[in-house]
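Next come two complexes built around chain A: one with chain B, the other with chain C.
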Partner chain A sequence: MRLADLLTPDRIALDRTVSSKKSLLEAAAGLLGAAPDAAAGRDIFHGLCQRERLGSTGLGHGVAIPHCRIEQPGASGALIRLTRPIDFDSPDAEPVDLFFALVVPSTCSEGHLKLLAGIAQLFSDPDQRERLRGLDGADDVIRVLNDFEP
Partner chain B sequence: MTGQEPLAIGGMLTVAGVLILISVLFSRPSEKIGVPAVLLFLGLGLLAGAWLPEPFSDYDLAFRVGTVGLVLILFDGGLNTPWRTAREHLAPAAVLATLGVVGTAGLVAVAGRLLGLSWIEALLVGAIVSSTDAAAVFSALRGSNVQLRRRVGATLELESGLNDPMAVILTLTLTGVLLAPETFSATGFLMKILTQLAIGLAAGLLIGFFGQQLLRRIRVPAAGLYPALTLALALLAFGVPTLFMGSGFLAVYVAALVLGNQRMPYRAGILRVHDALAWLGQITMFLVLGLLAVPGLLAESGLRGLILGLVLALLARPLVVWLCLLPFRYTPRETGFVAWTGLRGAVPILLASVPVMSGVAGGEGLFHLVFFVVVINALIPGATVRWAVGWFGVERGGQARPPPVLEITATESLPVRVISFLIDPVALVAGSRAGDLPLPEGADILLLVRDGRVLPVNESTRLEPGDHVHLMIRPAQARAVELLFGLREED
Partner chain C sequence: MRIIILGAGQVGSGMAYSLSREENDISVVDTDPERLRELQEKLDIRTVLGHAAHPETLIRAGIEDADLLIALTNSDETNMVACQVAYSLFNTPTKVARVRAADYLSHPELFTREHAPIDVLISPEKLVTDHIQRLIEYPGALQVLDFADGRAQLVATRAIREGKLVGRALKSLPEELPPGVDARVAAIFRRDEAIMPEGDTVIEVDDMVFFLAPTHKIRDVMGTFGATSGPARRVLLAGGGNIGAALARRLERDHHVKLIERDPKRAERIAEDVDTTIVLVGDAANEDLLREEGIDEMDVYCALTNDDEANILSSMLAKRMGAKKVITLINRPAYVDLVESDRIDVAVSPQQITIGALLTLMRKGHMVRVHSLRRGAAEAIEVVAHGDPGRSRIVGREIGSIPLPESTSIGAIVRGDEVVIAHHDVVIEPEDHVILFVADKREVAEVERLFAVEAVFV
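== the complex of A and B ==
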């Protein structure tokens, strides 16, 4: 599975506004729960919160990858970009504005682990971060992900 | 050697051993019920003092023991303060540690004056109780699996490291004024404070960087000599600037801050030794200070001490913190928590022995007054800190890092680090085969510890919840690995 296959335009929210870590996770769970065959948004929210409790999924440089396993047949993702960055307990203490939320089936496989590693690699690249921050539409986001080969 | 030796020293060491033993054994139960362990040490000293054949009243000895203890505590505090997070909170902490100390001292003095102390006595009491002790906050939180928001924790920690020198300078100067009132001048006073801080800061930086170079270049024959060397640096950092009219306490903290934030050989071992020394310092200093207190005099100061203590906790500290933090965009809840947890500890009691030593009239009365103020201001915030974290909502979402079962330490500077994780069912890697993990180039799992057994890891080993997994990584890869593994253990 490629990164671009995780997203559909309706799960890409550019220029959202949320006030806190919790409301960001709620927004992400809302988008992920609306996918076909997805688990309930409430369960996803709960899973994302549990994962954050182990340690923030913020990577530094204003990006984060909230993720969890959940009872559902396939993996799916959501991309959220905020107008105003929020505190996400990142290791560099910088506020975060770019999120790639990911849910994978509870029988997490090698391929699913690679998705997480792939997103981390995408977000670690300063050029890619800047591209994602400058885009105007959901289609452009998918194009960026299509171009990206981990 | 007198005829009484070695019996006398044997007796002293036996008493010291028993007291320290009890302190250590009872520190966990006392933390569980929320009473800061230091109060237990203090109470134990008080009890022991009542049993002595003749009252212990050697304020000079107590001052020296207390100073050594404080040097060890501050040095350990500095070593463990991460500069990266500290840097951002330096400005608010510095304001709290200077203007905040003066403001608190002033307000307490007003209250003291209203309670019938003379102005100068009231100011002296204010100065003595003006510095905070963060160690108690953190030890109270340590057992409860609650983590403080970085900003709040770092502010409290830095404040308490930096404000002791200010309180010391104020107290020594005011004691001087009490003894010779005609020598006082406001500009001279201000100049004195500034020079002491400047010399202390310079000496701390100098010794810190000197120590850094020294540790990087020399090799000593035994690992145990490294902590001996850092201890020597701590003693020098206090001693040298003190000889040149600088603030030794500031220098010790600054030197440790510089040393702690760089690579050191045997880093883990050095930190462990200083942690132990700080505990010993804490125990000894509170025991000795408890020994000094006379129950009868305590009863006499009771009511005044109680009122002053409450004024400090509920009025002076909150007001001063609120004013000091106004320019720094803290949320009202963060400010509230910092204000509430103004724990007092050893420094005030140590400083309260200064007027007695200098022969100030009524000095012993002040000592016992301060004793009360400190107990109240350790008890109220100490016992409520867990509750306060929830009430003010300053908890950092997340579990505290669990301790590792195995420590792997580099004795030379190597390009890799060994980090460990406790596998939680929530982590994405839980249940996966080691061979399936997309680890960054050059990172690898070394071994895992499961149910007390140490297992080698090959491609088909599955990572089970509850496993302690040790990996070698390059520092730059830490985030990518943490993302996969979840709950990082302490290192």
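== the complex of A and C ==
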């Protein structure tokens, strides 16, 4: 599975506004819960909150990868870009504006772990981060992901 | 963390006070403007006037972005409905409610996500009753805190000259313990200063020693510091409120219990409810009454009325008249600081006990239990270790190689049902429960960071 396969245009939200970490996770759960065969948004929200308690999924440089395991057949993702960055307890204490949220099945495989590592790699590249911050539409986001070879 | 506290009563205000000293964004809701104004003057918090369970009030208090709702109004029903509203309308991640009615509490199936969605139920009276019961079970202890569902306990005791280990280095502790018994001293307080225990630390008379051991071995360890290790037999309880009456019922099977209650009607009701407890009508500050009831032969005297001053006075009297151990319930935090000396052995503060239950929810990481100690200056923490060996700073490492902050020590780990006392070569495995003593609360954030998993941990 490639990163681009995790997303569909309806799970890409550019220029959202939220006012807290909690609202961001709610928004992410809302998008992820709308995917085909997805678990209920409420359960995803609960899972994302639980995972954040163990340690922030903020990577630094204004990006984060909220994720969790959940009872559902496949993995799916959502991308959220905020108009105003929020505090996300990142290691560099920088506020975050770019989020790639991911849910993986509770029987998480090696392939799923690679997906997460791939997202982290994409986000750790300054050029990719800048491209994603400058894009205008969901299709452009998918194109960037398609071009990206982990 | 963004926190909403419902109810500015004694417990609610106490929580607001303690939590506002940390980096939290706090709103307090109450229907009494006077109470709110008082709080507002003292603390850097937001106050909201209104009915605590109404969605409109909750929105004004910032429920949409809140991480934690703590419902502490006087009404169980308001607290329960507020949690329901927070869950159904606002997805609030963690909801805590004070529920006191035993009738509700006896139906745990009520408190599930489908019904009354409350993540943690708090009953300060029950917490205090449990706490005092443990103190009575170990007369030599000044603090007894449970970890790992009661498998391990952290106990504070005062070292006295008679103790075999007193005047000797800690590394000789194993020689004094019966075979098969292991324990670890987690912290020592000498004249109120924390000392980090090392093998060559010499225990001095009057040291306050905190040690961890498996629960059924506590008595063996306590004796080495000179503390009475036998169980208490005779107990006198002053005050027949909910805590006093509950303690009488719990203790009367294994102890000779007497209970003094001032109100004859209340005393009569308690007498109907207990079995072997002797219920007396009278004033606990009355010297003659205490003498008649054999105060000089009491192993433990507990002052449990809702009047702090009365509790302090009767406790000082009881101690002077020969009660071996005196436990005093004190609500006002300022008084707790004042009296815990050689006149009163243990001051029990409902607020400090309750705040521990809340800190468990507020600390980052997979916290199982957090106890607030020494009036909030120290903490004892049980946290689950997650992470992958080789990438974690905890999992897969020997305890001796974990870069703990200066005043923090690991006392034990609990692996499944087994309590493993912390020695420097014990290796932490994934899912181990690690019990830490943080002698200086300012180091808690660093402990949280040590245990935090990597961003890519699944």
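Definition applied: the second predicted complex is superposed on the first by the 150 of 150 C-alpha atoms of A that agree within 3 Å, B and C clash if a C-alpha of one lies under 4 Å from a C-alpha of the other, contacts with A are read in each partner's own complex, and residues count from 1 in each chain.
The rule is simple: a contact is a pair of C-beta atoms (placed from the backbone, for glycine too) under 8 Å apart; a residue touches a chain by one contact, two chains touch by 3 or more.
Note that this is a predicted model, so its numbers are computed, not measured.
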Could you tell me if A:Ala4 is touching chain B, chain C, both of them or neither one (first, second, both, neither)? neither
Contacts of A:Ser124 with chain B and chain C, given as first, second, both or neither: first
For A:Ala93, decide between first (touching chain B), second (touching chain C), both and neither. first
For A:Leu14, decide between first (touching chain B), second (touching chain C), both and neither. neither
Figure out whether A:Ala34 sits in contact with chain B (first) or chain C (second), or with both, or with neither. neither
Partner chain(s) touched by A:Phe45 [first = chain B, second = chain C, both, neither]: second
For A:Glu26, is the partner it touches chain B (first), chain C (second), both, or none of the two (neither)? second
Once chain A of both complexes is superposed, is A:His67 in touch with chain B (first), chain C (second), both, or neither? both
Residues on chain A lying within both footprints (that of chain B and that of chain C): 21, 49, 53-57, 59, 65, 67-69, 89, 91, 104, 108, 112-113, 116-117, 120
Give every residue of chain A touching chain C within the complex, in rising order. 19-23, 26, 42, 45-46, 49, 53-59, 64-65, 67-69, 89, 91, 104, 108, 112-113, 116-117, 120
Can you check the complex and tell me which residues of chain B touch chain A? 85, 88, 150, 396-399, 424, 426-429, 431-433, 436-438, 479-480, 482-484, 486-488
In the complex, the residues of chain C that touch chain A are 2, 64-67, 91, 93, 364-366, 386, 451-458
Touching residues of chain A toward chain B in the complex: what are they? 21, 47, 49-57, 59-60, 65, 67-69, 89, 91, 93, 104, 108-110, 112-114, 116-118, 120-121, 124
